[in-house]
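Scrolling down, you'll hit the structures one after another.
You will see two complexes here that share chain A, one where it goes with chain B and one where it goes with chain C.
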Partner chain A sequence: MVKKLFKHEIHALWRLMIPIWCVLFGMSILGRFIQLFEQETMAYNIISGSAVFFYVVALLACIVCPFVFAITRFHRNLFSGEGYLTFTLPINTNQHILVKLVVALITELVTLVAAVVSVILVTFGELTVEIGKAIWYLFKLSVREWGAHMPFYLVEAVIGAILLLAVETLLFYACICIGQQSKKNRTLAAVGAYFGFYAIQQAIGTMFLLVGAEIDWKPLAAWAVEHPFATVHLSLCGGIVLAALVGGLFYYISHRLISRRLNLE
Partner chain B sequence: MRKVKRVAALLLTVIMCLSLCGCQNLEDMRAAHAFWQEDGSIKWNGNVYLPLKDVPKEMRFAHGSSICVTEKDVPVLLSGIFGDTFNADPSGVLLCTTYYGEDEAYYCREDQYAYILEYLQQGIELNVLFYTYWKDYDADNPAFYYLTEEQQRTIGDLLNTVQFAAAGSDFYESFDVDEYSLSLSVCDEKHWFIKESVLEIAWKDGKFYLMSPEQTIGEVPTEDYDVLRSIVRAYYKAEIEPYL
Partner chain C sequence: MSELLRCENLTKQYGKTAALNNISFTLESGKIVGLLGPNGSGKTTFIKILNGLLTPTSGAVYIEGERPGPSTKAKVAYLPDNVYLNAWMTVEQIVAYFADFYADFSTERAFEMLNRLGISPKQKLKALSKGNKEKVCLILVMSRQAKLYVLDEPIAGVDPAARDYVISTIINNYNPEASVLISTHLISDIEQVLDEVLFIRDGHLVLKKSVEDIRAEEGKSVDELFREVFKW
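The block that comes next holds the complex of A and B.
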């Protein structure tokens, strides 16, 4: 049943994303095509500048849209009229939230791949080859600099990036769930919950800063200077653990509110 | 299914055709990309440039364009980040570092090396007046106007006859120096080595002035106005007339 839910979630989200991806590829091919007529005239500069502008707008929209669609889908599928049908399925709350989260993450990652493909299309030809050479050179430079730590940094960075995406999505899920507890203006309440979470994060951050100002960091700083690679590993892993904890908290809030305090319209 | 295959084939053909498009910016970067050789020389555009010593320190270099010199494995897109920037003279014979002082370095094209060494040993005489201007507002690629013999003679005579005196701040504040003056520099006959800002020509309220680097000023006699107008004309082209 979870597989079927997964399939339908992907259909529902990708049905909205596919036209956006097509527009993105179209704008990148158009931008590249305009370069066929490259010349030092005002008319060409205006046209190519406009093409680049529209391509950038399409790229930005492409990056933002999966996020927006995933959150809208979460709200509509669980808390609107559709929710009556959704919660009749033989699937528990955990599975509902996880499937939506995983589909949202997959869509965002596929969108990232689409963005990379669009950049390749807009620079297709010698420029793509040169960009590839530049990336390969930077990679070799990093390997020379960091040695055996490089693959681990990459893995940690990728895990951290995916976790951050998941945490942001779960934050919005938690805000929507909190908003649903309000009798009126549920959307406004969800926005209020978002600012509330932001204020709490800022307050906790400030508290740590004040406590940190009292601590003597010199031994730690000296250790960090002597062990730079380990310092980076600890920072990345620490970030991953913190993101996992925060994401876990948001997940718990969403799960608790959906399973115990669901209030469909 | 056949329709899908045809559309896919058409799309792939269009995309492959796009690879035929060039990129002017990339071509420009390649033209300005040079490489360090193992023996410390530079290779640029198929020519080898050897280090040049004993260039008089007080002289500067008249450059026409900038190049980036990198190791051989650095790709062209990263040449500006991982390379050393050099100025090249308009004829492409001389290169020099963009910074001046103790660490400045000159390089000369291999086929002109012996000639340049002899030229330096004879002593470089700076006797050609010129000024820099930007035809297309491109600060990296200036154009140079070299004064004609008649114009040079006139300036030389004026330097001997004009009475220079300290000008008060009121004079400078009364007009926009950037818009109503131009700076003359001097170079050798090959237009390679220069000394910047040796004299300034200024104009205000229909009068011409000469300003020295020491901030003294002298009024030019009216009989020389035509020659000075011809000097500044290249700077502003036809637009100079309303300002004179």
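The block that comes next holds the complex of A and C.
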């Protein structure tokens, strides 16, 4: 059942994204094509300037859209008229939320890859090759310096980045679910919930800063200098655990509200 | 006949207003039951609770002994009182969607009924007229071999010819071992197909009786009794 849900979720989201990816690649190819006729004329400058402008717009749209589409899909598919069908499928709340989250993350990652490939396509030339060489050199240098730690750092960083994306998506899911508890102005209530979470986050951050100011960090700093590899691992893993906890909290809120307090009126 | 649906002290409050007030009853399988009451009496609220779309304030409803959840949703075919289909899909895509999720769904039967209505499978749902959208919804629901069909106002807002189509579609396609719960306030149109009726007023269950008993004991049709019970 999850496989089928996944298939339909991909279809629902990618039918919106595929045209945007196509426009992005179309703009990249157009940009590349215009570069073939490079010349110092007013007409060329206007055409190439316009192409660059529209390319940047397409790139920005491409980066923002998966997130916006994933959030609106969550709302529309669960809490608008479509919810009458979604919630009468023989599927549980966990499956609904998880499949939507995973498809949103996959779409965001595919978009990221598409954006990088498109930028390479547009800018490919001597400079791109040099940048590529520099990145490769930095990678080799870090492998030499950090040895066996390097692959672990990479894995931890990638997991952390994906988790941060998931946390941000789950935050919006939780806000939408909280907004649905309101009798009127549900969108406004969801926006209110977002600012509420933001205020809580700021308050907790400030509290840690105040507490942190009272702590003597010297022994810890000395330990970090003595154990630099472990410090990086602890920081990355700490970030992963924290993101997982925050994401788990948002997931729990959404799950609880959907499974216990669903009110499709 | 085995017990299909059990409702125990079901209450749903919207703020201080009780949409359903301590309702208890049971329904057996193999019957066509009319859930009858004027607008705002609590019929849709009850149906939504039955389908897990609303959470009761207190009490519970059981379908074959289970509370509404994924396993009961596999047994219940629900037709809401509004068009709920994903407008961007084509007719054949929504048929495939139902076939993917409901093991009891018959794609053949759905296409057969669509064909009879002259609705092209390639048509986008948003391009269909309101009446045809409603018919597609009904066809999707009646293409299932469910244990309980729950139809919320299936004949409200449609012309008399379409009403006949809706009623005949229900009668000709439902699983005979299943029960059909039809909510409506247009009683005269469906009276001839009902085995049993439930009268709901202001969230209270005021009557649960077989149509045969109503005719024998009261000497009235269901429509006449309804008009008497719900007289202003």
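In this text, the second predicted complex is superposed on the first by the 246 of 265 C-alpha atoms of A that agree within 3 Å, B and C clash if a C-alpha of one lies under 4 Å from a C-alpha of the other, contacts with A are read in each partner's own complex, and residues count from 1 in each chain.
Throughout what follows, contacts are C-beta pairs under 8 Å (C-beta built on N, C-alpha and C of every residue); 3 or more make two chains touch, one makes a residue touch a chain.
Quantities reported herein were computed from a predicted structural model and do not represent experimental measurements.
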item	value
First, second, both or neither for A:L121, with chain B first and chain C second	first
Chain B versus chain C as contact partner of A:F6, first or second or both or neither	neither
Touching partner for A:F152 - first (chain B), second (chain C), both, neither	neither
Touched partner set for A:N263, first chain B, second chain C, both or neither	second
Chain B versus chain C as contact partner of A:L85, first or second or both or neither	second
Touching partner for A:I29 - first (chain B), second (chain C), both, neither	first
Contacts of A:F67 with chain B and chain C, given as first, second, both or neither	neither
Which partner, chain B or chain C, touches more chain A residues	C
Partner chain(s) touched by A:R15 [first = chain B, second = chain C, both, neither]	second
Contacting residues of chain C [partner chain A, same complex]	15, 48, 51-55, 69-71, 73-74, 76, 78, 80, 82-86, 88, 97, 100-102
In the complex with chain A, residue positions of chain B that touch it	14-15, 18-24, 26, 73-78
Interfacial residue positions of chain A with respect to chain C in the complex	1, 4-5, 7-8, 12, 15, 81-85, 87-92, 183, 260-265
Contact footprint of chain B on chain A as seen in their complex	29, 32-33, 35-36, 38, 121, 123-127, 130-131, 133-134, 137-138
